[in-house]
Structure formats: structure tokens, C-alpha cells
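Please read through the structure below; I'll follow up with questions.
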Amino acid sequence: MVPPQYYLLLSAALFCIGLFGILTRRNALLFLMSVELMLNAANINLVAFSNVWGNVTGQTFGLFMMALAAAEVAIGIGIILVLYRNFDDVDVTKATTMRW
Amino acid sequence: MVGIFDFAPAIVLLPFVSFLVALAVGDRLPKGGALAGIAATAGSLLLAAATFLTVAGGRTYDATIYTWAEGIEAVDLTFGILIDPLSAMMLLIVTLIAFLVHVFSLGYMNDEGEVGLPRYYAGLGLFTASMLGFVVADNLLMAFMFFELVGLCSYLLIGFWFREPGPPSAAKKAFLVTRFGDYFFLVGVVAVFATFGTAAFSGSESFPVLAEAALHGEATVNTFGFAPQTWFTIVGLLVLGGVVGKSAQFPLHTWLPDAMEGPTPVSALIHAATMVAAGVYLVARMYGFYALSPDALAIIALIGGFTALFAATMGVVKREIKQVLAYSTISQYGYMMLALGGGGYVAATFHLMTHAFFKALLFLGAGSVIIAMHHNEDMWDMGGLKEKMPVTYYAFLSGSLALAGIFPFSGFWSKDEVLYETLIHGLGGSPVLLAAYAMGLLAVFFTGFYTFRMVFLTFHGEPRTQTASDPHSVRWNVKGPLAVLGVLAATTGLVNMVPVEKLLGIGGIDFLHQWLDMSTESLNAHHYGELIPYSSAYIGGEATTVAIGAGVSLGLALAGAGLAHLLYNVPEPVEHTDRLGGIKTLLYNNYYQDEYQVWLANGVTRPVARVANKFDQGVVDGVVNGVSSVSLFSGSRVRRIQTGVVSNYAVLLTLGLTALLLAFGLLGGWFV
Amino acid sequence: MFDLALQAEPAATWTALAPAILLGLTGLVLLGIDTIRTDEASNALLASVSAGGSLLAFGTAAWFLVAGTGQERTGGAITLYGDALVVDGMSLFFTLIFTIVTAMVVVASYDYLRDHEHRAVFYSLVLFAATGMTLLSMANSLATVFVSLELASLPSYALVAFLKNDKGSVEAGLKYFLIGAVSSAVFAFGISLVYAVTGSLVLGDVAAAVNAPEMAGVLGIGVLMMIGGFAFKTASVPFHFWAPEAYEGAPAPISAFLSSASKAAGFAVAFRVFVEAFPLGALPAGVDWVIAFQVLAVVTMTLGNFAAATQEKVKRMLAYSSIGHAGYALIGLAALTAGGPNGDVLGASMAHLLVYGFMNTGAFLFIALVEHWGVGRTFEDYNGLASTAPIAAVAMTVFMFSLAGLPPFGGFLSKYALFYSAIEAGFWWLAAVGAINSALSLFYYSRVVKAMWIESPSGDFEIQSRPVGLYAAVIFAGLGTLLLLPAFGPVIETAQTVAATLF
Amino acid sequence: MTTKPELNLGSHLVPGLAAVALFVVMAATILSASFPDPQGFAGDASIVASIGYAMFNLEFGDIAGESFLAALIIIAITLDVALDGSIHLARREGDQGGSSLLADGGRELKQSLFEEDDD
Amino acid sequence: MIIEALIGVTFLAALVVFVAPDEYAGKLAAALSALPVLGSLWMWAQYDASGNALLGGSIAFETDVVWLTLGGLDLHWFVGVDGISLPLVVLTTILTTLAIVSAWTPISNRESQFYGLMLFMEANLLGVFTALDFFAWFVFWEAVLVPMYFLIGVWGGPNRRYAAIKFFVYTNVASLVMFIGFIALVFGLGDSVSSMRLPEIAQALRAGALGGFAGLDAATLKTVAFVATFLGFAVKVPVAPLHTWLPDAHVEAPTPVSVMLAGVLLKMGTYALLRFNFTMMPDVATALVVPIAGIAVISVIYGAMLALAQQDLKRIVAYSSVSSMGYVILGLVAYTTYGVGGATFQMIAHGLISGLMFMAVGVIYNTTHTRMVGDMSGIADRMPLTAGIFVAGAFGYMGLPLMAGFAGEFFIFKGSFASTVHSAMPLFTAAAMFGIVIVAGYLLFAMQRTLFGPFSFDGEYEITNAPTHDVAPLAVLLLLVIVLGVAPDLFFGMIQDAVNPILSGGGL
């Protein structure tokens, strides 16, 4: 069997890749996608450890997580739309009218 | 039993009432409140006289009449009245002179059409009341309080003509300089309380008695780690600070000549009977305490002797009549101090009394002259007034003879006794006293000189100005007081003719000695005589010493007067001061005493204050403002973290999380 | 079979959820009204339904709290749906905060939204968010926690960006959403790690399995990441970055809502999760989350206050001050100790959040009022407001001084109780840092007061209207702030009693 | 006109180092931890069924699981709300909300996505 | 209940005045503020308690109910007066009424708010002086600052914003330091106290019930707490070098506010020092006598020197307050009946006299619109009555006998010279006493240059006699100053009675 560490390493890697995307990409949609990556990293853990602990809690929660990710994207897209309408751009670094 | 002593408070309160009356309704009264003042002082005078007679009957009085602050588990602070021969005599002098000054003011102020008369008479009333309160005080605190009130009144009256630039300045100076002395006095009062737990003058629980007992080891008092003798000297000198200030002794005499800016009757009152006298009276009042300390006495004598000479020399070059009188006042109080320091308690009191009369006389006489001269005080503008105003002249002459110490006028007797007492005690083994005596003796010459220079320049010769040839006339209210005082100045010396007694062997004519011996046990002259740390010695017997002393001083006085006669009793006198050369400048500038004191105030204190102010604004407040600036600055830095770029937020967020994880991992050992 | 399971709970038990249900139903009713009325539904109707619903929920929660529902005297906490939800004193207490803030916000929004379309959406989103917060305070499983968190968050994102044509609002929404998304991802990852270590999501079960020293590191990462999620919700460092912009850009009533209710919700769930799932006595070495909260509390209050001190815009200043207050409230977690007076500490923090709910909501609603008048946003724009609107200015003054912790206002007592309990628990230095920050805060709060009362108006402006709803809400908040001084006794006693039962 | 995302290295990647650092810390922690052996699921157990029962708080599942009934209800509302909110945001003021966006097959969106990303 | 009535009526009066029309606000406020005056005088007449309220003495007009319970320490609504606080209550009510009357001329905008705030401040001041529970006391203590902040900030001079915020933040920071120090002390007492009532805390502290706290042992904790509370109160007093808010506040504040600030608010600091530091921790106070007495002397001399350097009449009086308050500190640390009692008496005396001086400066300012010494001279020529009262007040300030200031100062000097807490106390006393010379210096200089000499004034205003309602408060104050100076026992008896129990802890 695959040792649990590996799953964790995988998920951590995925999480950090997602984070990397967030830190380096300025496009709002790519930002959203990166967040999805991070959420899925969590899902890997949940599913893997569902197996480790022998209960379905993790797997079930993973399903919920996906649903929530969808809901989040729905709102996110809406916000990105209005962002585009107002700033003519989906670059997240353009919207800096408020600072300090 | 209702006796005359029960009315003693009224002596103080009557003038006080006149103060209130003048203040409240003075502008609606005829004469601007003068009549109220005259009535009040007359009443006080009568009561004082009655009291005097009662005391003459051998009774004294000491009673607490008001508890100012009742101490709970602490001493009470009280007001009380102490009537003994000393205070009874002083009451009489003060009330008499106050009464005469009030009367004289009718001529000097009312007849001259001054404005602000209610304020003037209110001030006079309060002045009189304060001084009387001081005189009857039975403890040091009460004495101090009235002492201060006297200072206030002098401020108000010296600055009476406040619309001119001079008087307010002089008033301020008078108060400030005496305040400087009073500072020491107040420390002394506090120290007396702390040492003895009481500040009473008389009785078996009074502080002089306790001090005496402590010296003999019969009582324990808190001497703050010093030997009792040393501590008592310190305390005595502290109180002496107030005396030096009020009695215008060196080096705090500088206020007094300036105080001539006040109305002349006020000068008379200040110099003769109230403020300046208060200092000396205080020493006499607590003489039982000073007598315990040889060092304090020596210092008093030295101050007195030096001041007597020092002031007299300054008096010889002055142009204004009142200035001459001012320096003579300083000088004469120097004699009193000399007497007190030299163990001559009676002599000092004697001189205090005679001086009160002849100095009041001289000032009122000068006032009369000033009225006549339309308020021109320069003696070089006068001359030949003798014919125009004979009453003033003869009265003034009487006072001058007394001041110069010419036999048989009052000043001769008292000054002679002062010098005599100092001499015999100095001969008894106190070189300091001898030095002080020498200065006092030398001052006699100068006194004679400046007194008669003044007389000759004012009254003799030819009128040197138009005004002097046609002087303003004065009325009864000026002449009356002059006449009364003229007689007194000439005769009061007779109450204590010690030289006559000694020389001729006529016993019992040293009335003042007897009078002052009548006081209670701890307050009488005899007791003081035992306390003083001096022994007497004579130049070939007592009578011889008396004769030599009297002869020398009379001779010096006559020499001074004669020199004045030579130089100034001519039809057209000229100024001889140029002959003095550099000394003239020195004397004109009063030995630069004012300059250094002004320098101390303006040249040292003010810059220090300005530096303190700069320090306060810059450093102390700067720190306060700095703290707020630094906070705000760091705030403006902190908020720069918020760049407005959401990616940066994500970076910071990640870094923050990573840092937290790293720190926890390292601390919690996750990596092992 | 189905019904069996449902009926396994006594009929009365699920009624304990009444406040949450009422809020959710109100939200649905609002959507319903919007659907039925094809034309724009009446603003007054929508606002009154919303206010009615939230006040009803408030009343229910208050009644439960008084009646003892879910508290020790009536048999302890009520758990529902297989331990997924729990109704106890703490959840009811927090429900009070959410509902009263919601009520004030919707009443104020009545005027604020007068010229806007889609009001029904606005009101319903507020109500749903409030539902999510209420559920958050009841969540007893990490799964419920996460879902409720999203229920509270998603409407909030939309609400912040509600003014679609306003750049500020959109920018605020974007930043809020992006940071929120990252934070929820971090939070989710944290939950997954906790699950990895313990194998369960129900708080009690997590606590039972939490002592696994060999996995302490992983658990630690999980716990810290969960802290990150809460830090986002409560606007604490380092997840606070959204707050200044979101509060500044959002419609002012929403800023009030977020900074008061949403923040309180974050604390509610953080309190329960950390106290229940990671009890201090049972943790393996190296997972001492109290230290993390101590660091965060100090940094948060200091950063918030210092940044607030130099702002030019009032709303942004309040945003930073809100961060500072998050720092104060964090003391509730930072001053916990195994066996210490934890109930007092936590209760004090709860009481502070309640008072904060009034004074901070009031302050933001005052800003809503000012925005309604179109006065401007900077301190200078507030110059002389007191002469044109004295009543509102008095209320704002009360809020400012209360936020600064000055007597005689509620904020003083609640801050005092908070610092006091910290000292009581031995963390006097936390109290000291808090107190110093409080002193600094006085400076910038008084700038508002100074502008309103002391400065003279820079230009003439006429106040066209006295909006009833905004005024009512502001004055209500002001009265609440004031009355919470004398009435602080029952509040703090309740809070500390219900908090004590968690331990 | 297909556009491929191109690898674009540059200074804008520097912030990503924070993510790398995070990974290092996490990996170090994970590698130094030890985990229990996986229990696995019984071979005949129906995982899907168990998940379904867990969602409705029913005790019939072969494999143990916690109750997700509350979460299910809540997520239902959440999705509802998300829809509500996103429609509000997406709706263009004045026309039939968002239809044009849907009608262009996402071209506009795509355009904005990839053209803007190049800079 | 009289105290509650007093505070309540004042609060109500504040409310009524706040909503009254501006035209009547001044008169209405004056009339309403007469009620607390009567109330406090009635209290004074009926006063029958003895001993120190904190140290087991009987408390007059006492009310004690539990307000709220918090972590083992109940907070009470606990009010009452003893011989220390009653005089301050009387001072507060009288001075407020007079300050309100003196505001009629200078305050000409937003009157109802002004008078409302004045009354609001009075109510809180009464609370400060009557509260005997630390918490209630602190609430009032802080609440005083708020109206003061507005009064300076809204009605002040050109630089009022800076002054107001400086005052506000400075004193609040100080309160905080004090608060932390005191709370630490209460925690150190542990279970030996069950409430925040000051008597309980004081008695426990004096009984030596203090334990360690926050890693400090009992002795260190006590010292630290003493220093913290001392610093906190010292700002309010103010003691050099923590005084810099005061001149700014005074210069900017309108006259009636300066009157309240100098007359009553500063007394809060010394009152609190007496109640807290010197009553509760006499052992620390006596151990720290050298620094405390040193600070007192520095305040006296330094404050006086600063006053000497000023050109603004108000600044002069402001700095001289620093000087006068230094005496109070000196008296407190002496631990003798006259020292501590005199310090308390001096609070009253200085309250009246500084109020008088500020009002007198204000009346001159109302007419001339300048306060700079160099801008005018010979004012006495045109405003003789005002000038006369000014002179009287100035002499009161200089400590003229038979005026209240002398009584206070003399009691202090007498008490501190004889103090046994340290062998250097006589030296400290003598050094501080030199202040009476400097104070005479700057006041006499100022009077000489402004009031006296030939009349000259550059401004365009006509200098005439001030209206009666401007002068009347001055006259009343002067009368009070003289009455108290002649008969200090009106208050000094009850003060000593309340002060004596404190002393037993001194000189340890």
C-alpha cells in the first residue's frame, strides 16, 4: 500500500502549486482555478485518510467540498464579471483605487 | 471681669473698620473717608492710652482670642493678644502717629485735590490695623501674618499713584524685597513650630522659655540633629531675614529709598511707626530667644552697625529731601539693630520710640515743605523757607536736632544709650561689638552732617527758585501734627536719662528701664539682661565711660553739623559733592546695591527663567510631541503594507502563514 | 425507516434551531416576495419583513437564553443531527449579536437602498448570511463549520460588490472574494489535515483522538491553517488584508454587518472549535495554539491601531479600528490556560463582541448616513457636522468614545472585563498591550469627534433629508452602547456562565 | 486561432517562492511524522451507499461515517444563495440579465482571459 | 440619597440646558446649577461623619449597592463623603456656578451646548469626589475628560484643536497607566478583597494582605503600583515634568473652562493621590519620600520659573498652578496632620484662588481681547474694580495671610518641615518655600506692567468697566478666599479629622 505520507506530500504539493498560481498569476480566472487546485488538495487528503481511518466521513465531506467549490466559483465569476465591466480588465492587480 | 484689656482687640479693629468703611462707602463720605479714619485712630489712641495706663498699674495681659486653626492631634494655631509694657508702649506710639498721619493727610491729600481718596484712607486704615495687630501678637505666627499684611499695605500705599510709572515699580520692589526677607522669616516660623511645637512669645510654654530650658538641658526639643545652640542660632537668623527685609537693613534696604514714591504721610507712617519699625520690634518682642545665641546677636550687631554707617554715607549726597530722610531711616534702624545685637534691649526700644516721633516729625515736615513747594522735592530748588513757614521750620529743626543726636533732644539720649551699651559690652570682651560700635560712632558724624545739610539747604539761605520764594501755605491740619511731634521729639528723651542718672547719681529717672522691667518674668528687661551673653567693662569706671561715650558722640554729631553749617549755611550754597571725586558716583549710585539686585532679578533670574521656558517648550514638551509624532509616523509606515494589490496580500498572507508554521515547527519539534 | 431516524430526536429538540430557521425562512420569504412582485417590490415591505424576521429571531434567541434552552439548568447543550449542530448558551448569545446587528443593518438599509434596484436580493442575502452565522455558532462538526462558513461568506462577497456600477464596491468585492477564497482553501486544507490525524470531523471526536504525538506536526499545520481560516473571518493578521478595502468599498450598512456580525461569527466558531476540538489539556506537545493566538492578538491590535491612526478617510479608519478590535477579542482565546478561569476570559470576549456589535454597527451606520447625505469620506468632510446634525453627531461621539474604551459607555466596561479577565488568567502583559493600544486608539477616534464638533464646516452643505431608518438604527445603537454600561452586569454574567460550560 | 499558454519565466514568479517555502515546511513536517497503517474498507462494503446514508444521518451504512444531514441542508441553502448572488452580479442593468454573455459562447470571456494574460 | 440626588439633578440640568434655546441657556444653567450648590451646602451643614472614609471612619450620606459582579470582584455603586471629599464637593458646585456666570460674556455661540457640557462635567466631578468604589470612581474620572475635551476644543482659542487633543490623549494615557497599576494591585490582594470598594482595598493594603502578582513579589508589586498610579495622577495634578498639556489647555480654553480646569480638575489629581497612593500605600510613599519631595520641589520652583518667563497672563497663572500643586505634593508626603491636612486645604484654596485669577484675566480679556502683558498698561485706570480684585487675587496667590492660600501653604510648610518621614524634609520644605518669593516676583511684574503705569492700549476696543455679572463671580470668590483665610476651620477641622487616620502608616 502507498504510505499515507505520500498522499500528504502529494496534496501539499498540489496545495502549494495552487498557491503558487495565486501568487504569480494576475488573471482573476486563473486565480479562481488556482483556488480550485488548493481545495482539491484538501480533497486528496480527505479521500486518502478516509481510507486510512476506514470511515466514509472524509469522502462524504469531499463531495460537499466540491459542491462548495462550485458555489464559490459561481459567486466568483459574478464578481469577475462586474470587475470586467468596471475596470475593463480581469487583472486582479488593476483594481487598486483603495489602499493604505 | 470686664477690664480695659477686653477692649484691646478694638484697638486693632477700629482702624480695620475704618478700612472697610472707606473701601465700601468712602466715595460717598465727606473727605473721602478721612474722618472715619481719624475717628478710628483717635479711638484706638484713647484705648491704647488707657491700656498703657493700666499696664503702668502693673498689669499685663496675654489671652488667646481666636483659634485660627484648631489642630486635631496637632497644635492649635491661634491669635492672641499680648499686652505688656513693650507692646503697650508700641501701641501708644503707633496709634498716636497713625492718628497724626491721618490728620496730616487731610492737608496733604484732601487739600491738594487728590483723587482716589477712599482708596488712600482704606489703605491707611488697614496699614494701621495690621501694624497694631502685629504689635499685640502673642505668637510668632500671628506676628508673621500681620507682618505680611503690613507688607501688602505698603505695596498699596507706595503704589498709590498707580497711573505714573514710578510708584507701581517702587511698590513692587518694596514688596518683593521684603518678601525675600519674609521667606526666611516664614521658614523660621515653621522651624520654630517644628522645634518647639509652639510659637507663643510669653508664658512658661513660650518658645524662648523652652529654648532656654533646652539649653540648660531641662527640656527636649527637636533640633534636627544640630546642637541646640547651633539650631537656635539658625532659627534666629532665619527669623532675622524678615527683620532685615522689613527694617531695611543691609543688604535688603534697597526698597526703602524707592518707597519714597508713595505719598509723604505714608512715608511717615511706614518709617516711623509701622513697617520698618516692625522688624526691630519683632526682635525686641522675641529678645529672650535671640539673647540665647551669641552668634545671632553678634550678627545682628554687625548688620546694625554697618547699616547705620553705610546708609548715613549715602544720605550725604542726596538731592531730594525725602531721599535724605529715607537713608536716615535706614541708618537709624541700624542703630536699633546695633543696640539689640549689643545687648541693649532697653536702648533699642528707647531709640525705637524716639525715632518714631522725630522721624514722623521729619517726614511730616518734609511733607509740609513739599506742599509748599508744589510737590517739588529737590532741596536745591528750595532755600529760605524758614521765614515763610516758621511752624514747619521749628518743628523740623526739633526733629533734626533729635536725629543728629544733639543734647538734649530725644535722639541724643537714645542714641547715646545705644552706643553706650554696645561699648561696655564690647569692652567686656567682644571685639565684634567694638567694631560695630566703631561703625555706629562714625555714622554719628555723617548723621549730623546730612541732617543739617538738609536743614540748611531747605530752610536757610535765599530762595533758589520762584516756588521757594512764594510757597504754598499750609493749614492747621498740617501744622497741628507738626507741633505735637515737635514737642515730643524734643522731650521724649527725658523718659530715660541714664547718663544723667549715672553721672549725677540721681536714681530712678531711668523710667523706661523700670517700665520694661515691669513685664512678666520671661519678658522683662531684667531677665534679658541676665540672658545676654555679654559682660560689661568700663573705661575707668561707669560714670567715666558714660561721660566719654556721650561726649564723643555728641562731639561727632556737632562736628558733622558744623561741617554742614560751613558748607551749606550760606546764602548761595553750591554743591560740594564734586570734591568727593569717584566716591560721589559711588554714593549717588548707592554703592550699586540696586544695580546688583536688579541684575540678580533681571540679569540672572529672568534669563534662567527663559532658559527654563525654552527647555520646557523644547525638551519636556518636545518629548511629549515626539512620542505622538513617532506613533503617527510608525502608523503611516504600517499602513503602507496595504498596497492595494491583492496579489501582494496573498504573498504576505502566505509568508505570514509560513512564518507561523516555521516558528511553531521549530518550537514544537515537528521536524525531528 | 427514514422517519425513524428523524424522530429519534425528540420533537422539541429541533425547535432549538428556531432562530436560524427563522432567519433562513425570512430570506426565502424575501426571495418569494421578489418573485411574486415582478415589478420592484416595495422597499418598506422588504425592509420590514427583514427587520421583523431578524427581530423575531432575536426575540426567540433571547427567550431561549432566558428560559435556559441548551444550558446547564435545563439539561445541557442540545445536539442535533448526529452531533453536527449544537445549541447551547454560547450559540444563543452569539445569535443575539447576529440578529440585532442584522436588524439594525436592514433598518438602516431601508434608506440606503431607496435609490437602488434589486433590493430584495440585498435583503435576502443579508438574511442568509445571518443564517449562516447563526449556524456557524451552532456548528459542532468541522464539516458543518466549513459549510456554514461558506453560507455566511458567499452572500457577503455578493453584498460587498452589490453596487455593481461603483468601482470601489466592485474592487472591495473582488479583494474580499479572492482573499476569502484563498482563506477558505487554506481552511479546508487545515480541516483535511485534522481529519488526517484524527479521522473524524465532529469536534468531540476530534478532541478524543487529538493526542497523537507522532503526528503532532501535521496536526499543528492543520490547526494553524484553521486559525488562518478564522483569522480571515475575524479580520485578524495575517488574513486581514481584505478588511480595509472591503469595509471601505462596501455599502456602509454592509461594512457594519461584516465588521460586527461576521467578525463575531468568526469568533463564535473559533471559540467552539478550539475549545471543543483541541482542548488545552489533551493536546500533544508542539500544538499549543494559545501561543499562536497570543502572537496574533498582539500583532493584530497593534497593526490595526497604528494603521488606523493615520487614515484620511473615516470609513477606512473604522476598518482598521475593526482590525484592532479583532485583536482585543482574540484575547478571549489567547488568555486561555488549562485549568484557568477560561469561562471568564471567553465570556468577557463574548461580552465585548456584543457591545462591539452595537457601537461598531452604529459607527458604520453613521457613515452610511453621511454617505446618504453625500457629504464625503474624509475627516475634513465631517467638519462641522455637529452643527447640522447634532443628534446623529452625539450618537457618533458616543460610538467613538465607546470604541476607544472611555467611560461612561459600554465599550469601557467590556474592554475592562476583557483585560481584567486576561489579568485574572495571568496574562497581564496581554492586557497591558491592549490597554496601550486602547490609549492610542483614543487619538484617532477623537479625530472624528474633533472634526464633527470642533472644526467649522469647510463648505456649506444642506442636509436634504433626515432618513428615518438610518436615524432609528443609529440612535438605537447609540442607546444600546450607552445602556450597556449600567446593564453590563447581566450581559457579562450570562456570557461568562455560558462560556464556562464549554470547558 | 488557438492560443497556447506559454511558459513565461520572470520576476513575477518571485512571489511564488513563498509557496515553495510553504511546501518545504509542510514537507519537512509530513516526512518527520509517522502515520498508522491504513485500515482500508472491508472489501464487500458499499462505499457509495455508506456515503449516501451518512448524508442523511441514517445508521444503515456498512462503513462508519458521521452525519452530514445538517451540512446537506445548509449546502442546499448555500448553493441557492450563491445562485441568487451570482445572478444579481452577472445581470446587466437594464437588459435581460446576462443573456448576451451566455449567447456569445463565452467568446468575450475567453478573449479577456487570454489576451490580457500575455502582458 | 442626597449624593445621588445631587449628581442626578446635575445630569438632568445638563440635559435640560443642552436642549434649551441658546438665548436662555446661560441664565438657565446658572439657575439650575444653584441647586447643587444648595445641596452641597446642606450636606456641609448636616455633615456628621468622622474619620477617614477609606480607613474605617464613618461615611456621610453613604449608599452602597452591588452594581455588577465580575470575576470575583464585585463592582459597587458606593458613594459617600468624608472630611476630605466634602470640601471638594462644595468647591465643585460653587465654582461651577460662578464659572457659568462668568461665561455669559465670553461665550457667544452654541451656548446651550456649552452650558450643558459644563453641567455635565460638574455632575461627573461630583461623582469623582463622592465615589468610593474604584470602578464607579474611574467611570466618573474618565467621564470628566470628555466634556472638557469639547469645552476646550469647541470654544477655545486659535490653537484649540492641538490643545484639546493633547489634553485628552495625555490625560487618558495617564489614566491608563494609573488604571493598570491599580488593577495590578487589586489582583495582588487576591482573595483578601471581594469588591472594588476603596475602603476594602485600602484596609487590606494597610493590613499587609498584598501578595505577589505577575511575577513580582508583594513589595515590588506595591512599589510598581505606587509608581504607576503616582505617574497617572501626576499628569492630572500636574507635576513637572508631566505638565506640558496644562499651559496649552489653559491658554486655549475659554475663561470659564480654565476656571474649572485649574479650580477643580487639577484637584482630581491631588485628591486621587491622597486617596490612593498616600492613604493606601504609606509605606511606599515614605520609602520614596526623597523622589516625591524632590519632584514637589522641582514643580514648585520650575513651575514658578516658567511662569516668570511668560508674557501671556493666562500662561502665567497656568504655570503658577504647577507651582502651587507642588506644595500639595510636598504636604501629602509629609505625613503629618498639618502636612496632609494642609495639602487638602490647599486644594480648596488653590481652587478658589486660581479660579479667581483666571476669571480676572478673563474679564480683562473680554474687554481688551488680548492677554499679552506687553499689549496694555494702566488698565486699572479704566477698570478699577476689576483691577482691584485682580490685585487682591494676586496677593491671595502669593499667600497673603488671612487669605485662603496662606492658610493652605502655611499648613503644608508647617507640616512638612516637622515631618519625620525623612531627615531632609526641612530642607525640601525650605527649598519649596522659596516659591513664595518667585510667585510674588512674576505676579507683581505682571500687575505692574498691565494694571499700573500710564494707560495705554493699542487695540480698537474701548476699555471700560466690566459688566456686573462679570465682576460678581470675582467678588464672590474673593469673599470666599478671605472667609476661608480668616476661618480655615470651616473646612480644616473636618479635613484633619479625615486625614489623621492616614498618618499612622507614615514614618514607618
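Think of it as A, B, C, D and E in the order they're written, each chain with its own count starting at 1.
By our rule, contacts are C-beta pairs under 8 Å (C-beta built on N, C-alpha and C of every residue); 3 or more make two chains touch, one makes a residue touch a chain.
These figures come from a predicted structure and were not determined experimentally.
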{"item": "Intersection of contact partners for chain A and chain C", "value": "B, D"}
{"item": "From chain B, the most remote chain by mean C-alpha position", "value": "D"}
{"item": "Chain closest to the middle, measuring from C-alpha centroids that were averaged per chain", "value": "E"}
{"item": "Geometric centre distance via CA averages, chain D-chain B, whole Å", "value": "100"}
{"item": "Length of the line joining the C-alpha centres of chain B and chain E, rounded to whole Å", "value": "37"}
{"item": "Distance from the mean Cα position of chain E to that of chain A, given in whole angstrom", "value": "64"}
{"item": "Gap in Å, rounded to a whole number, between the CA centres of chain D and chain A", "value": "5"}
{"item": "Touching two or more other chains - residues of chain E", "value": "169"}
{"item": "Multi-chain contact sites of chain D, meaning residues that touch two or more partners", "value": "15, 18-19, 22, 26, 29-30, 32-33, 35, 66, 68, 71, 75, 78, 81-82, 85-86, 88-89"}
{"item": "Two or more partner chains touched - positions in chain C", "value": "143, 147, 150, 154, 157-158, 161, 164-165, 174-175, 178, 182, 186, 196, 200-201, 216-218, 220-221, 244-245, 311, 443"}
{"item": "Which pairs of chains touch, using the document's own definition", "value": "A-B, A-C, A-D, B-C, B-D, B-E, C-D, C-E"}
{"item": "Touch list for chain D against partner chain B, complex", "value": "15, 18-19, 21-22, 25-26, 28-29, 32-33"}
{"item": "Touching residues (chain side chain D, partner chain C) in the complex", "value": "26, 29-30, 32-35, 56-60, 66-71, 74-75, 77-78, 80-82, 84-86, 88-89, 91, 93"}
{"item": "Chain A to chain C touching residues, read off their complex", "value": "4, 8, 11, 15, 18-19, 22, 28, 31-32, 35, 38-39, 41-46, 48-49, 52-53, 55, 57-58, 60-61, 64-65, 68, 71-72, 75-76, 78-80, 82-83, 85-87, 92, 95-100"}
{"item": "Touch list for chain E against partner chain B, complex", "value": "166, 169-170, 240-241, 243-245, 302, 305-306, 308-310, 336-338, 378, 380-381, 391, 395, 398, 400-402, 406-407, 410-411, 413-414, 417-418, 423, 426, 429-430, 433-434, 436-438, 440-441, 444-445, 447-448, 451-455, 486-489, 492-493, 496-497, 500"}
{"item": "For the chain E and chain C complex, residues of the former touching the latter", "value": "67-73, 110, 113, 135, 138-143, 145-146, 149-150, 153-154, 160-161, 164-165, 168-169, 172-173, 176, 179-180, 183-184, 187, 213-214"}
